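Quick heads-up: structures coming right below.
Below are two complexes that have chain A in common, paired first with chain B and then with chain C.
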Partner chain A sequence: MFNISVLQEPETLEAAVAMLKADADLRVIAGGTDVLIRIQHGGDGWSRLLSLRSIKSLETISLRGDGTIVIGATAPFAKIFLDPIIREHLPSLAEAAVSMGGPQIRNVATIGGNICNGAVSGDSASTLFALDALLKLESQDGERIIPIHEFYAGPGKVHLRPGELLTAVLIPRDSYQGTGGHYIKFAMRKAMDIATLGVSVVCRVRAGKFQDLRIGLGVAAPVPIRCLEAEAFARGLEVTQANCREIGRLAVKASKARTSWRASKDYREHLIEVLTERAVLEAAKRAGGLHAE
Partner chain B sequence: MSLNIVGKSVQRLDAVEKVTGKARYSEDFFERDMLVGKVLRSPYAHALVKRIDVSKAQALPGVEAVLLPKDLPAIKFPTAGHPWSLDVAHRDVADRLILTGKARFVGDAVAAVVATDLLVAEQALHLIEVEYEVLPFVLTPEDAMKEGAPVIHEERPNNILSSFGTQYGDIEAELANADRVFEGEYETSIVQHCHLENQTAFAYQDTHGRIVVNSSTQIPHIVRRIVAQALGLRWGMVQVIKPYIGGGFGAKQDVVIEPLVAAMSLAVHGRPVRCTFTREEVFIDSRTRHSMKIHLRIAASNAGKLHGIEVKVLSNTGAYASHGHSIAMSTGTKFRPLYHFRSFKFEPKTVYTNLPVAGAMRGYGVPQMFFALESLLEDIARELKLDPIEFRRMNLISVGHQDPLTKNVVRSFGIPECIAKGKELIRWDEKKRAYASQTGHLRRGVGMACFSYASGTHPVGLELAGARIVMAQDGSVTLQVGATEIGQGSDTVFAQITAEVLGLPMDMVHVVTVQDTDITPFDTGAYASRQTFVTGVAVRKAALEARDQVLAIAARKCGLNPEELDIRGCQIVERALDRTLCSLEDVAMDSYYDRIYADPIKSDVSANVRVNAMSYGVTFMAVEVDMETGKIEVLELYNVHDSGVIINPKLAEGQVHGGVSMALGAALLEQLLFDPATGKPLNNNLLDYKLPTMLDTPRIHAAFVETVDAAGSFGSKSLGECPVISPGPALRNAVLDATGVAFNKIPLYPQVVFEKFKAMGLLCERSVEDVQHLSPARA
Partner chain C sequence: MLNSNTAGIATLRQLALTVNGKPYAFQVDIRETLLDVLRNRMQFTGVKQGCAVGECGACTVLVDGTPVNSCIYLAMWANGKTVTTIEGLEKDGELSEVQAAFVEEGAIQCGFCTPGLVLSTTALLDSGRTFTEDEIRRELSGHLCRCTGYQKIFDAAAKVLNK
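So, the complex of A and B:
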C-alpha cells in the first residue's frame, strides 16, 4: 500500500510544466521503479505525484536530420534495447539498457528516471557519459541543454531546477559516428542487480591507433565519471594489449572509490583496472582496430 | 509387483490451478471488514523498553488497538515445529513471548497495532514513543561465550542454548595412535530461505468464541498447539487452516506470526485481523539458517583408511532457541551412515546472540557438516596423493551397517552406483586430463562431494501420519491427509499411491489440499523430508483398507472369495480368469444404497513409522574461475541421488533443481550481513541479498539410482532436502581443482575470492597470450 495523496496525469508536456510551476510540492514519477521504492520506505515528500506516463511524445526515439539521436526521457529500457536506431548507432547503450533489472523492470523503467534518480550505479549513466550525451531540460520558463556530466551533483542528487523536467537525451553525431563501444556491467548477479562497477567505452580507431577514446565509469566515485587522463594518454596510441592495460591502470586515477559493505576500495580499484582494459579491448575490436598480433 | 502409476511422471494435481493463478493462498481469503496488524520493531540489537507511550497512536483515527507485552499472557512458549513430547526433558526450549519488553535483536517485536488499513497502521507505529535502555550486544558465538558477555536470556547466563554432545568408540586413543591426524576449520554464513510467499496469516474468533487462524504454514497441527500454549488456551479452542502455500523450506516449520495474529484479533474482540510480513521483515523476523564453525579432526592410516572423527561445532542460533539445539544434533548425526568411522565424538555449542533467529532450513544443519567433511576429505586425498573418488569409495560403509547411537540400520545403499554414474556423466577422467595444465585468467576444474541423509526424524521424533479415504458413489475417492502440500508435490504422490492400490486412474482420486485442524487427520506436517516416506505409509494403509472393503462387497455380490478378486481400471476382476465381474461403481452404489448392507466405503488410519531409511547422493561439478575478478561460473553439474524408488520422476527432478539452486546460492553469493557496530541488517531485501536468478543458475542435471528400501512406502526414501547438501562442497572442491586454492568458508563471494588470490600472489602480471582469451561478455 502506497501513501499517495495526489496523482496528476497530464497528457501534454505544456500541461506538465504548468502543473509543476503551479505546485512546487509535486514530485515527478515516470516508470516508478525508483519512486515507489522511496515511497515504500516511507520517503517524506513523495505523496504528491505528477506522472509522465500519459505524455506519449516523451517516449519517442528518433534520428534528427543533423544526425543527433534524440531519446525521449520516458523511453523505457526495453524499448531502447530493441530500437533499431539505438542498435545501429549506439550498441553500447543497448547493452547498458538490457543489463538493467529484469524484463518487468525494463518494460517500465525509463532512461530519464534512471538519470534523474542520480544513482551512481544507474546502468545508463556510464554509457551516456562516454557518449558525451546532452540533456534537454524544460520548464514553463524555457529550456536549456547541458552536458550530462554537469547534471550529476552527488549521490542521488542532480541539478534539476524547480519546475524543470528532463525531456530528452541527445547524442550528437560526432559522439558516435564511426565509433566502437562496449559496456561491462559487473554485478554479483546476471540480472536484477545493481552494478558493483559499470565501465563503458566508446572509441574511434584509425590505422591501428586510438583516434578518440572515452571511458565512463559508474560506481567508481560519488557520481559517474570520465577517465580523462587515461583518455588523453590513449589518443594517438597504438591499439595493443599492453597499451590497453596501461589505459586500465590510468583509469583508476580518475576514480574515487570507497569501501562499503558492498565492496572494498581495493577490490573496486582492481575491477576498474581489469574491466576497463577488457572494455577498451572489446570496443577497439568493434571499432575495427584490434588485429591478431 | 508391477506398478502402473507409482513411478510415473504424472502431472502434479495443482499444476493448472497454480499456473492459471486460481490456486488460493492465505492472502486470497477474505473476511468482512478485515483489519490489518503491524509490528513495532526494536531499532537496537539489545535493549530494555523503559517507557512506552501509545496515546498518540491510539488517538489516530482508524487505529483499533495497540498491543503491548503487558496486555498479553506472560507465557513463554517454544516455537519449533516439533511434535509435542510427553517427556518433559525432550521438549523444545520455551523462551519466546508474543511481544517483548526486552529486545534481543534489531527487529524484535516490542508492540503491535491493529488498524483499518496498512497506511494507518504504519502511521500509528511512528506515533508510538519508546524509551529504550540500550544494552551491550553480541553478534558472534565467540563473543557471546566470553566472560562478562551480556546475558541474552536470564535462564542461560552463559548464552549457551545447548552443548549436548554424543560419542562412540575411543576418539582420544584413535587420535593419539593414528598414522595421520588431519584437521580443518570450516565456516558457513547466515542465509535465508527466501520462500516466494512471505509469512502471512489472519485470525478471527468464530461464533462460538474459538480462534480460527488461517496461515501460510508447513505445520498446521503444531501451530494449533503453540497458539494455544502462547495464549494460555485449551488446545481445542484453536482451529488452524492451511491453504496452498508459496514455499517454506523450514521457515514455516516454525511458529512465527500465528500467536501474534491471534492476539491481535483478541485485542479487537475477535474481529478478523491479517498480518503479512514485508520481505524486509521476513529476513529479520522469520528464521535463517544457522551459520556454523565446524572444526574437524580425522584420524586416518597412511593408506587412507579413515578411523576416527572428532566434530566440534559452534552454531549461531540468534536471539531465540527455535530449533537450535535440535539442528546441532542433526549436524552430528545424519552424516554418520556414509563413511566408516570406528570412533566418533561430537561436541556442539549452540549459542544465543543478538541476531535474527536461526531455525529449520532445508537440510537441517547437515549442509554445513558436509561442507566441512567433504572439504577435509578432499584435502586429505590431496595430501595422501590418493584419487579423491577412490579414497571416498574405500571408506564407505555397506548395507547392514547399524549406527551405534541411533540404532538405525542401512537397508539400501546406492552411493557406489551414484558415484559411478556421476563420474561417467560429467566425463571426469576426460575433464581431468583437459584441465591438467592451464594458463590464462580463466581456469577450469572439476570436483565432487557425497552426502547421506535420513527420511524423517526417527528415533528422535514421533513419526505419526494420518490419512482418510472416502469412496463416492461413482467409485472415485477423496483423500485427506494431515501432511501438507508446500510445493514439493506431496498431494500428487499421495494420489498416485492411492490410485495404485485401488486400481483407479488419477482423475478418480481427489485430494483435499487444505488442512484444517478441525477436520484433517493428525499429522505433524511437512519437514525432515518425511512425507512420502512416513505419510505415504498411512495413505497406503488407508487405501488398502478401502480396497478390502470394496472386495468384500464385490465378493458378496458374486459369491467368490475376496482373495480371488482384484480392482483393475475401475472394474472388479476375477484374478485367475482375468474376467470382469462388475464395475467398481456397482460396488460403490451398493455401499451407499443397499437396503440391508449399506455402509459407505471409508477408512481413517494413522501410521506410526518407527524406522528410518538413509538417502544418499553425490554432486559432480565443473567450474570456471576468473582469476582476475574472482568470479566463479558453474559449467556443468550433476546431482545423482539414491532416494529409493522414485514415485514421480518429474517431481523428483523438480526437487533436485530447486535444492541445487538453493545450495549454489549459499555457496557462491548469499549471506545475510549485519553492521558490526549496531547489529542492524545491511541487506535484508532481495536487491542486496544476492539470491541467484534464473540467469545465474546453470543447467542442473538430476539423475537417480533407484534402490528399494524395505522401510518406506513402495521402497521410497527421502529427497526433499537431499539436493541442497552436496553442491556446496563439490563447488569448493572444483574451485580447488581449478586454482589450487582451498576456500574453507562459504559463500565464495567474488571479493573474497579476489582477496585470497591477492594474498597468495595469484594476481600476477597477465601474459599477452592471456589477454587474447578475453571474453568481455563473461564479465
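So, the complex of A and C:
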C-alpha cells in the first residue's frame, strides 16, 4: 500500500489543468515508475496525486503537416521504441527509448515523466538535447513552448511553473531531416541500470564534411548538456577518425563531471572522450558520410 | 500495510476488471497496488512479491496483454482492463506452449521468478513479432532469477519464439 490520500483521474487535459490550478498540492503521476517508488520510500509531499493515465490524447505520436514530430508526454518508452514515425525519422531516440529501464518499466514509464523528473541520467534527455527538442507546457492560463535545455534547472529540478503540465515533446523537421544519429548508454549492466554516461549525437554530412553536428551528454554535469565547442569545431570539418577523436577530446571541455559512487570524475571524462568519438563516427556513418582515411 | 495515508482514512473506489477470463467487481482502496489486490484479495498467489520497487519482475502480470510490474501499478489503473496471471495460462488442464517449454527445457528451479518470466515470454509470443537472440535477452531482462543463470530460461523462450 502507498501513502496516497487523493487520486484524481481526469479524462481530459482541460479537466487536468483545472484541477492543478485549483489544488496547488497535487503532484502529477503518469507511469508511476518513479513517483510510486518515491512514495514507497516515504517521500514527503507526494500523497495527493493527479494521474494523467486516463487522458488518452496525451499518448499519441504524430507527424504534423509541417514535418514536426509530436510525441505526447505520456507516450511510454516501449511505444516510442516501436513507433514507425520515430523509427524512420528519429532512430537515435528509439535507441535511447529501448535502453531505459527494463521491458516492464518501458511499458508504463513515460517520456514526459523522464523529462519532468529532471534526472541527469534520464535516458531520453541527451538525445532530446541533441535533437533540439521543444517542450509544450500547458496550464489553464495558456501554453508556452520552450527549448528543452531551458527546462532543466538542476539535479532533479525543472522549470515547471505551478499549475503547468508538460503535454508534448516537439521535434521540428529542421532538427532531424537528413541527419544520422546514434545514442550510446554506458552502464555497469546491459539492462535495468542507470546510465553512468549517456552520449547522443545527431549530424548532417555533405561531401564528406560535417555540415552540422550536435552532441548531447547525460550525467556529464548537473543537468544534461550540449558540447558547443566541439560542435563548432566540427562544422565544415572532414569526417575522419582523427577528427572524430578530436571532437571527443573537445566534448570533455563542456562537461562538469563529478565523482559519485557510480564512477569517478576521471573515469567519466574518459568515457565522454571515448564514447563521443564512437557515437560521432557511427552517426556520421548513418548520415552517409564516413570515408576511409 | 507499509504506510497509512495522511488522513488515515481509506478512500474506496469501485474496480471492475477481468482476470484470467472472468469478470470481477469490488471496492478497492486507492492506496492498493494491483499486486496487493491480485495476490492478497483474489488469492492469485502465482503473482509474487519480490522487491516491491519494480526491479525484479516477480510480480509481473499482463494488463491488456502487456507485461507490467504489478507492485508499482495502482489497482485502480486496472479498471476496465483485462489481466492475465500465471493461473490463467493453462487451458483445460493443459499447460500453455510457453509453460510446456519452460518445463521441457528445465528452466525452473525455485520457481519464484517463473510466473513473471512465463508471462513476459507469452506476451512476446502473442505479439507475433520475431526476435533475435539479443532481443529475446533484452525483452526478458526485467526479471531477476537467482538460481538458473538464465541460460535455460533463454533456451525455453527461444524454443517457443523461434519455432
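Basically, the second predicted complex is superposed on the first by the 292 of 293 C-alpha atoms of A that agree within 3 Å, B and C clash if a C-alpha of one lies under 4 Å from a C-alpha of the other, contacts with A are read in each partner's own complex, and residues count from 1 in each chain.
Throughout what follows, a residue touches a chain if its C-beta (ideal position, glycine included) is under 8 Å from a C-beta of that chain, and two chains touch if they have at least 3 such contacts.
All values reported here derive from a predicted model rather than from experimental measurement.
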Quick check for you: in the superposed arrangement, does A:L271 touch first (chain B), second (chain C), both or neither? first
In the overlaid three-chain picture, which partner chain does A:M192 touch, first (chain B) or second (chain C), both, or neither? both
Given the touch rule stated above, what does A:N3 touch, chain B (first), chain C (second), both, or neither? both
Contact-wise, after the overlay, does A:I184 reach chain B, chain C, both or neither (first, second, both, neither)? first
Based on the superposed arrangement, let me know which partner A:G102 touches: chain B (first), chain C (second), both, or neither? both
Touched partner set for A:S47, first chain B, second chain C, both or neither: second
Once chain A of both complexes is superposed, is A:D123 in touch with chain B (first), chain C (second), both, or neither? neither
Once chain A of both complexes is superposed, is A:T33 in touch with chain B (first), chain C (second), both, or neither? second
Thinking of the overlay built on chain A, is A:E164 touched by chain B (first), by chain C (second), by both, or by neither? neither
Report, in rising order, the residues of chain A that make contact with chain B in one complex and with chain C in the other. 1, 3, 42, 102, 190-192
Which of the residues in chain A end up touching chain C in this complex? 1-7, 9, 32-33, 36-37, 39-40, 42, 47, 51, 53, 78, 98, 101-105, 107-108, 190-192
Hey, which residues of chain C end up touching chain A in the complex? 1-7, 11, 29-33, 36, 52-55, 57, 60, 66-69, 72-74, 76-77, 120, 138-143
Of chain B, residues touching chain A in the complex: 117-119, 122, 628-629, 669, 673, 675, 682-683, 686-688, 690, 692-696, 749-751, 754-755, 758, 763, 766, 768, 771-772, 774, 776, 779
Please give the residue numbers of chain A that touch chain B in the complex, ascending. 1, 3, 42, 102, 182, 184, 186, 188-194, 241-242, 244-245, 261-264, 266-267, 270-271, 274-275, 277-279, 281-282, 292-293
